[in-house]
């Protein structure tokens, strides 16, 4: 972690890392909205994504290190499509029509499976991406007084691209409307010709790809280790809820808020209360839930009696 | 407003939706429909009549495949549409064949706007242009056009009912299965909705199967009626025949032989019965 | 729900009593006979296993009630931790209180902690509770961590159970645990049949609709949370007395999930006593079974080496996924089917 | 029949977002009468009930019950004072019928420790049994309430409301979705409640025959306004009412 020397720097870095929290939160939000799956395994998906990229990067398919990592990320994303298919078909399809709690339990099982697989496959020692220094130069990008490490430049660009593409699809296309329709009332949507299980597969694919890409950034910042799984959950879940669990744009905002607080207040408090930095997201979540139970952008249900 | 000429129904004769001795079982072994046979002519309005819980809705759900989402199955008999067996297909596949089911109870997608809600019915039909399709339904439902930017959860009951019909209509299906469109609506609104359904039927040649408790209203627009009781069809015929049937008059229209029984009078009779027993 | 003719109840209370048929009474007596003689012939391992079952049964009873109120909680383990840490504080010098005071006090202290963390829960509905309690779990875990970092050895100890200077052995502790579990079980079964218990169930599905029938969701959610805290605290204190020491690692997030996902769902929501006990037995059986399997497998596959604990995660995942797919309604519904079929499952509560 | 006003609604207005649900509605309910509120869907009848029972808080206007201003009172306090209401789609939880009815006991006996005594359980159960008798649910006493058909669930709900012995009972479409026989039963309960038990009843209903036969006084609403008030004969002559009914 880069020590921020000035408050401004802390704010910029906070926002930059917030974008990647936003992407993880998007993965979480989307699965909840469409498939009504509260994905406790989000951290483990990020962990697996990081290891998959590591695996492909270590094959050195392309000599150029930057291209190499991009190719690795692409391959990992493609593989995660297969994983999404497996997850939906093998684990969740048998559970259609079951209470939400059953689905959540299944994500717990999924998390255990993914985590167990990574432990057996890669052990528990801390790993880094090959040629990391060439991909993300050590000297930060300097814009005036602000020093921004290159990995955050990647993070911001990637996150903005993902969000832009996603929001366009979700808001403007009939496919997006159909996705939202499924999220609101699957039975009725099915009677109008929307294939529910396909929509669920799409949402799993998006969730996995978003997790893989967050794995790339989180792995670059923290190193690749089982720790990423807890880190992923402790950022994705609060970020998603702060923004409102069913709001994709809220996820980005939640991520930004979280990154900001973590890198300013969190760093400061950590001096006096060691370890509080990892709990700060949850504390922020508790406060937000007290003030706005549905998050900042969450849809307040129209309750009729 | 409706200048297009009435389609001649005789142009395409024949029964194109057939139910033959259909039985429906819900998980694990609850038999709900006990051998129902129906023949529906293209371009007609058919009414399924009967009280709550008698199986009208289940028949519609069996045709549309929605029972599959509720752990139900057609366990005997077959359903044929345009010469093709459709029993136990998943609802989305049935919908793509041109049969759209409208759920009882006005299930709008509350958080979508009216326009998005209608458009959701168009998913997977690439050949249609969204703008034209919207124009087509707004033609029948001008009220929805006025309110197209409002979240559909905020509409009144009648408008929501129109919205769900419009959503079913936008994909231009051949068969519309309407489940209790009049439930909990006010007489004037019911009239309005039934008028529109009749108009769509006449101008578009759309086949409508209607499950209704409001027997009088349903028979006004229907070409043929079936009375469903306890998962079986107990009576069928033209509206005139059903209206004049003394049992139908007694049970469904509330007209006793000596005129309608006042609710005030029911009480003393039943009360006396309670004292005696 | 037919009853044999010739059975007449003198009062409505008897009609709602816990023992409806002679069969129930026989079953209950047999169970108690078994449990009360168990330490005499079972070895230390099984005795301590049953003590563990009593401990978790108590905590899961409270969780079951909370779940029936529509509030899903995954902070049970952390609250048990609060109970254990309170027990440590109360049982050690300078206070050195005896166990029969420490255990209720730990329960009450945990009830207070749970109530504080429940404040945001009062406005929250359904699955948001899972997120809220996830936050609670990690926050409490961090607080416990912070406490242990400041004590020597990074572990807190709970004084052994003793009365008038006589220190309890395993068998005596076993009977204390059995007594506590029985008392707590009776209490929660009684709460379940009072109008208050029904009100808690009523807010379970649509709390705003229940409000129209005069059942204030705020009040009954708070009550459910308090009861939940009390039970978790008592369970935690029992845990502390059994093991003798406590660290935050013992009360992790996954344990909370096990308690909700296996302990409550398998046992059946709303079956406060017998469901909770059954769920606990299954939960502990799975956990022990996996431990044995992993140790066997790592002997067979020595190349796994230190990563064998990954195997544990995978096995657990496979078992949970298998249960959910094979019987998606949870084991509870399987049991309910069996129960309906034979109608001889001996306990109606 | 008519006595003093027990419930008064004065100039109540309610908006959600941009939609106006109620525009300055006033009405008073006399003790011991059956007042029916009719009107097209979306005319604000249910919103009005929701304001009276406290589910919605009106933006302006006041509501008095037994002379006390209850406009800002929480729902359960109003119920404790003697209001009661049923829902259009009945709400029952997955317990037996008597358990569903027993819950009503906590409204007037909310004390936590008092509730846990054996006496409270016994008393609650006894009263629940009396009401099961009244709504004729004896054969279904031990049935799981969520598995019952609509008509019986409506009776469970009615009995639950009667548990706290309210003076004013608001019934939201008690006959919708019921067969003719079930409607007749419901009408009988309403009459017995009113005539024998002396309850004041506010009735929202679409089935006009039922309104005509039962109600002492009728209020007609349209798009959030009260447009007419009076006997059945009087309101059927009102031009505005006819417009609301028949459209155009």
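All chains are identified by letter, namely A, B, C and D, in their written order; residue positions are counted from 1 within each chain.
Rule of thumb we're sticking to: contacts are C-beta pairs under 8 Å (C-beta built on N, C-alpha and C of every residue); 3 or more make two chains touch, one makes a residue touch a chain.
Fair warning: this is a prediction, and the values are worked out from it, not measured in the lab.
**Student:** Which pairing of chains gives the most C-beta pairs in contact?
**Tutor:** Looking at every pair of chains, the most contacts join A-C.
**Student:** So which chain is farthest from chain B, going by the mean of the CA atoms in each chain?
**Tutor:** Farthest from chain B by mean C-alpha position: C.
**Student:** Roughly how far is chain A from chain C, going centre to centre by Cα mean, in whole Å?
**Tutor:** 33
**Student:** How far is the middle of chain A from the middle of chain D, if each middle is the mean of its Cα atoms, in Å?
**Tutor:** 49
**Student:** Using the average of all C-alpha atoms in each chain as its centre, how far is it in Å between chain C and chain D?
**Tutor:** Each chain reduced to its C-alpha mean, chain C and chain D end up 41 Å apart.
**Student:** Could you tell me which residues belong to chain D and also touch two or more other chains?
**Tutor:** Touching at least two other chains: 55, 87-88, 91.
**Student:** Can you list the residues of chain A that touch 2 or more other chains?
**Tutor:** 305
**Student:** On chain B, where are the residues touching two or more other chains?
**Tutor:** 154
**Student:** Can you tell me which positions in chain A touch chain B when the two form their complex?
**Tutor:** Its residues touching chain B are 96-97, 174-175, 177-178, 180-181, 184-196, 299, 302.
**Student:** For chain D, which residues count as touching chain C in their complex?
**Tutor:** Touching chain C from chain D are residues 53, 55, 74-76, 79-80, 85, 87, 91, 93-96, 99-100, 102-107, 109-110, 112, 115-116, 118, 120-122, 124-126, 129, 142-143, 157, 160-161, 164.
**Student:** List the residues on chain C that touch chain D in their complex, please.
**Tutor:** 1, 11-13, 15-16, 190-191, 193-196, 198-199, 201-202, 204-206, 208-216, 219, 223, 270
**Student:** So in the complex, which bits of chain D are touching chain B?
**Tutor:** 16-17, 19, 39-43, 88, 149-151, 173, 176-180, 183-185, 187-188, 191-192, 206, 208-210, 213-214, 244-247
**Student:** Mind listing the chain B positions that touch chain D in their complex?
**Tutor:** That would be residues 51-53, 154-159, 183-189, 191-192, 213, 251-252, 254, 260-264, 266-267, 270-271 of chain B.
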